[in-house]
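Chain lettering (A, B, C and D) follows the sequence in which the chains are written, and residue indices restart at 1 in each chain.
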Amino acid sequence: MSLHQRARILLSLLMVSSVVVSMSACVDDPDSGRADGDTIKVGVLHSLSGTMAISEVTVRDSELLAIEQVNAAGGVLGKKLEPVVEDGASDWPTFAEKAQKLISEDRVATTFGGWTSASRKAMLPVFERNKQLLWYPVQYEGLESSPYIFYTGATTNQQIVPALDYLKEKGKKTIFLVGSDYVFPRTANKIIKAYAGANGMRVIGEEYTPLGNTEYSTIVNKLGQAKPDIVFNTLNGDSNVAFFKQLRSAGFTADTMPTVSVSVAEEEVAGIGPANVAGHLVAWNYYQTTPGATNDAFVTAYRAKYGADKVTSDPMEAGYNAVKLWAAAANKAGSVEVDAVKKAAAGISLDLPEGKVTIDGENQHVYKTARIGVIQPDGQIKEVWNSGQPIKPDPYLKSYPWAAGLA
Amino acid sequence: MAPAGLAVSAVLLLVVAPLVLSPFRLDLLAKYLCYAIVAVGIALAWGRGGMLTLGQGVFFGLGGYAMGMHLKLAEAGPGKLPDFMSWSGVESLPLLWKPFANPVFTLVMVVLLPVVVAVLLGSLVFRQRVRGAYFAVLSQALAAAFVILLVGQQGLTGGTNGLTNIQHFFGLDLYDDADRRLLYLIVALVLGLAYLGVRQLAASRYGQLLVAIRDGEDRVRFLGYDPALVKTVAFAVSAALAGVAGALFVPVVGLLTPANLGVVASLELLIGVAIGGRYSLAGAVGGALLFNYAKTVFSEELPDSWLYVQGALFVVVMVWAPRGIAGLAGQLRDRWARRGPLRPVSYPAGADRPQEVST
Amino acid sequence: MGALNQLVIGASIGAVLLLAALGLTFTFGQMGVINMAHGEFIMAGAYTAYVLQPLAGGQAVLAALPVAFVVAGLLGLVLERVLIRRFYGRPLDTLLLTFGVSLILQQLARDIFGAPNVQVRAPGWLTGGVDLGGLRIPYNRIFILVLAVGCVVGISWYLARLKQGRRMRAVMQNRQLAAVSGVATERVDQLTFFVGSGLAGLAGVALTLIGPVGPTLGSAYIVDAFLVVVAGGLGQLRGAVIAAFTLGVLNSFVEFWTANGASFAKVVVFAVVIGFLQVRPQGMFVLRSRALS
Amino acid sequence: MSEALLEVRGLNVVFSGFHALTDLDFTLRRGELRFLIGPNGAGKTTLIDVITGLTRPASGSVRFDGRELVGRREHRIVRAGVGRTFQTSVVFEELSVVDNLDLAAGFRRPLPALLRRRRGVSDAVAAALDTIGLGDLADRPAGVLSHGQRQWLEIGMLVVQRPRLLLLDEPVAGMSRDERDRTGELLRTVARDHTVLVVEHDMDFLRRFASTVTVLHEGRLLCQGTVAQVQADPRVQEVYLGRAKEAA
């Protein structure tokens, strides 16, 4: 064997052993409690890199703001919260990996995190396996109720169903569905079709495009030919920018081709360009313009911390709420132990930016007020309708007869 | 690797690592080892055969989904549907899924599916002498198309979410640390077998022929061999290894999503090999471990700079160490001996020559 | 009716593809450099329009065309001078090298401009469109089509008439021969890379009209752009033109006439390219040559 | 021994409008050592390319031992018994000299047999090694060989395949006088039991080692005969001298 070959082998061996050795330096200590130190660690797990970073970084920011505020108000059980921030990197297995790290190495008391359904589905088994808690802050497709997840975003009956009620009230008869090709739009559209069938409305088209798709001329052409009363838009992220730009440049406005979107918030409006999307409808539970002293304080604090040009949006608010709700539950329970927190959380009610929010102990979702808004030329969203009172979460739509065949 | 080096590595991975690593870190190492299995195949196809495959994720995915389908079915129990199907509105088990209830069929498919696709693609493009850059671009497009296909068939594949929540693996309880350690050992053993097998292959006449084709495909053709056939075989072997790695990845990580096999994921499979040394099997294994470990470390410590680091790694390796870490010594020797009578025989000049136009 | 509409839409998709791929016919097609950072040059062009917005207001898109050409061109020139020229004859290594560069550029954009998409306002005269039967063809699509055709015409004229252009062609066809005939091949390489990258900049400006402007703008187009060049034939301008429009029309037709078409169309396009390469392994057009490895 | 081994009939090759070969008829008898000469662009290499399947003719046929070669893929033609070298020699630099020969010798091995390592040196390889006189360098990587040695190795790689027809494209181009002599000797040895067609420019080499010569000019057959006959042919003189005048 030549010297050269020997060197190759030595170097290869060096690579293998350096990985094993340096990994062995990270040892977790399963015996230490989760609130033993002077601080309580909490995990914050969002995509800070990759395609989802656009959205998730702002949620992380609002969660950190909430943690800061909780600490300023005396912390939890008299201890300060110490956020451990991890990057899910827009990659679902990475979310699972980091969740496990937060639980077994950082020994966090709870974790706030996730945005996409895929990331939640990836993390769910990790939290269930370790019997630890995840607070998930984004509206989602429902049909889930893990005992180890608290859902502070809307489920379908708090966003999509009220939006449909609103459309029905406005006399919209024909609906065209446009969505990104993943679980939320597909589930949402199933619900819409069931609702339409039971309420004298008709779905006259259903189109899905790959995530990140930016070519919408064909779909705009189909819309022009189908002439629906309303387009129900469940596109995600970048695709919204392309869709609305191309819709607008094909000569359609909110008057000639009205749409209602459930994934376009203040953040996205800025990227699309308010001029391209002004007048279109959106459905959420919170807008930056939502009235109330609590929201004014939230917006002011957020802008003071992150910049006066920043906007606040529904998922950010839901993330903020999650921290506040957990802190309240832990303080009420007098412990950060999972079972105690779960028990204490049931029925907890706080005054938060979107209004009164109450945790439903049964399915661990929250009561939320549905709000329909119209996008303004300045990029803000003006509320034109709300459900009047917080809607009880019903992730499996059990209380809706027309939804019987869905779950 | 020499027997001694091989023995040390084996002891390190099979004995030392399970003893000293925490369960969480051992899981991570198991994942890296899955990537190392892919790396062995890439070192064969790319290092020896000169086929830069930017679509290795496809084969990883085929093996992974085959295994994932079986595990999901086993999880759901006989006659029941996997969880994602019920929320996707699928009412009866799709025909495609049915045979995967059988474990033997699944194990066969883990290898056979990637091989069939590789043979199909390989015999088409290699026969037409599509190679070099063309082949790289095509294999990349294959990865892009494959992901779109998977995402688009939500009821069949779980869409973007992929297959999640896998808790058992052929009787092993994946929620149990001892069972997970056993799973780790299985992965390590498979890596060992893959390494030994490919090493044997590379040292055989076939291995020489492959290198010869890399360095002078037309010349080999005029020796009476069919380069398309030889390359297809190497491509299929590397696909099979990627498939096996994907199948092991599923229980190790507990899920598989289309993002694990797309364009970027496929490139990440390559960069480990490039860092470690594409011309050395052991280097490829080491590089895959090192790269994926670095990825974990950076995303824990400095998530914002990981892309810079990853980008810089590509640049630095290509500019200063095209033969990777394992080739550093040889590279230095060549630099010293540049004026000597020896030509740099260990760096195959022809391995990377521009697309020739032969009519 | 539908068919005619889709033909028009296909042409406009083709124009976008062509614009994204045009620069590649230079750098990939003619120099054999697989530049994965080409997408990021497109992105740089788009951000140029964004940066110019405060200065040029509503006309940023127009003002950005020449600036973006130069900005992206210079980026390409630097890349060629600093890195790629060490890699001639090693296309696969170049591919990985430039992929690294693309990651760095993407993150750089994220750090400079932020991760969220930014907004580039279209000039007033580009809003609206021409009504054609039941279809409205937006002015911005026409603008892109005109820009793409203009680039093709400009390039052909440049290659055929101008001295540098003829030198470029000479080097592309036979590097050694050109070198011994007194052509400064290094200078020609630089020029080729400058022009090829500059074209990416133009594409970036055009794309601000129809899609999102963010750090990942370019990576969305790169795979398709390479497919166009591969199908068109190495370094063949007319091949790239035909391939881009064919794939564009194919895409729009498949998308229109199949359920869930957008996903399916992409898969079909790939299958067609593979199939096509079975018939014409060197792409649509190829220089016949007697050279052997 | 005098029947035709290779029959080329009515061959036309066109490169983008340029007629490289026009209506070429050409016959090679079994056991012959034939030289093919002609000025640049005469179509010598093109003829070899057509015979070996590298170039497809516009029309015409190439029959080898009664079987049509046109339209067959390259490796099939090699398997039928036609071997060739190239102007620029290509040997596998990373492999040793023996491995290069072994690789060539094994072209009829089925794929499974290839999966074993080479153990020892087969008789055929040893004989070829002896013929080309590279026994001392057997275990060195081919990358260290000189230009001449590479050409011999290439010829060795052909011989070890036991082809029935050898096509050598300018085997002595770029060689020193010494190397040319050795190559000539090698050629004689090989020609004893093979049919050989040599494309060559070097007139000196030609005079010393050739028996029969075919002259091509602008894609057509100009004349055929012994070295003396050809040299005396006024048309050949014109073709070559005409060129010489132009050059002067």
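Here are a few things to note about the model shown:
What we mean here is this: a residue touches a chain if its C-beta (ideal position, glycine included) is under 8 Å from a C-beta of that chain, and two chains touch if they have at least 3 such contacts.
Bear in mind that the values here come from a model prediction, so they are computed numbers and not experimental data.
Of the two chain pairs examined here, A-B and B-C, it is A-B that is joined by more C-beta pairs in contact.
Across the assembly, the mean Cα position most removed from that of chain A is the one of D. As a whole-number value, the distance joining the C-alpha centres of chain C and chain D reads 46 Å.
Averaging Cα coordinates per chain places chain B and chain C 31 Å apart. Chain A and chain D have Cα centroids lying 72 Å from one another.
In chain C, the residues that reach two or more other chains under the touch definition are 107, 260, 263, 266, 288, 290, 292-293.
The multi-chain contact residues of chain B, meaning those touching 2 or more other chains, are 148, 151-152, 216, 218-219, 304, 307, 346, 350, 358-359. Counting partner chains per residue, chain D has residues 54-55, 86, 90 touching two or more of them. Residues of chain B touching chain D in their complex: 201, 203-206, 208-209, 211-212, 215-216, 218-219, 221-227, 229, 233, 341-346, 348-350, 358-359. Partner chain A is touched in their complex by these residues of chain C: 2, 5-6, 9, 12-13, 16, 107, 110, 115-122, 126-129, 134-136, 138-141, 209-214, 216, 220, 251-252, 255-256, 259-263, 266.
By the touch rule above, chain A contacts chain B in their complex via residues 1, 3-20, 22-24, 26-28, 48-49, 86-87, 89-94, 96-98, 100-101, 104-105, 116-118, 121-122, 124-126, 129, 141, 143-144, 181-183, 186-187, 190, 208, 210-211, 406-407. Within the complex formed with chain C, the residues of chain B that make contact are 46, 50, 52, 54, 121, 124-125, 128-130, 132-134, 136-138, 140-142, 144-145, 148-149, 151-152, 216-219, 263, 267, 270-271, 274, 304-305, 307-308, 310-315, 317-319, 322, 350, 352-359. Remark: chain D residues 52, 54-56, 73-75, 78-79, 83-84, 86, 90-95, 99, 102-104, 106-109, 111, 113-118, 141, 143-144, 157, 161 touch chain B in the complex.
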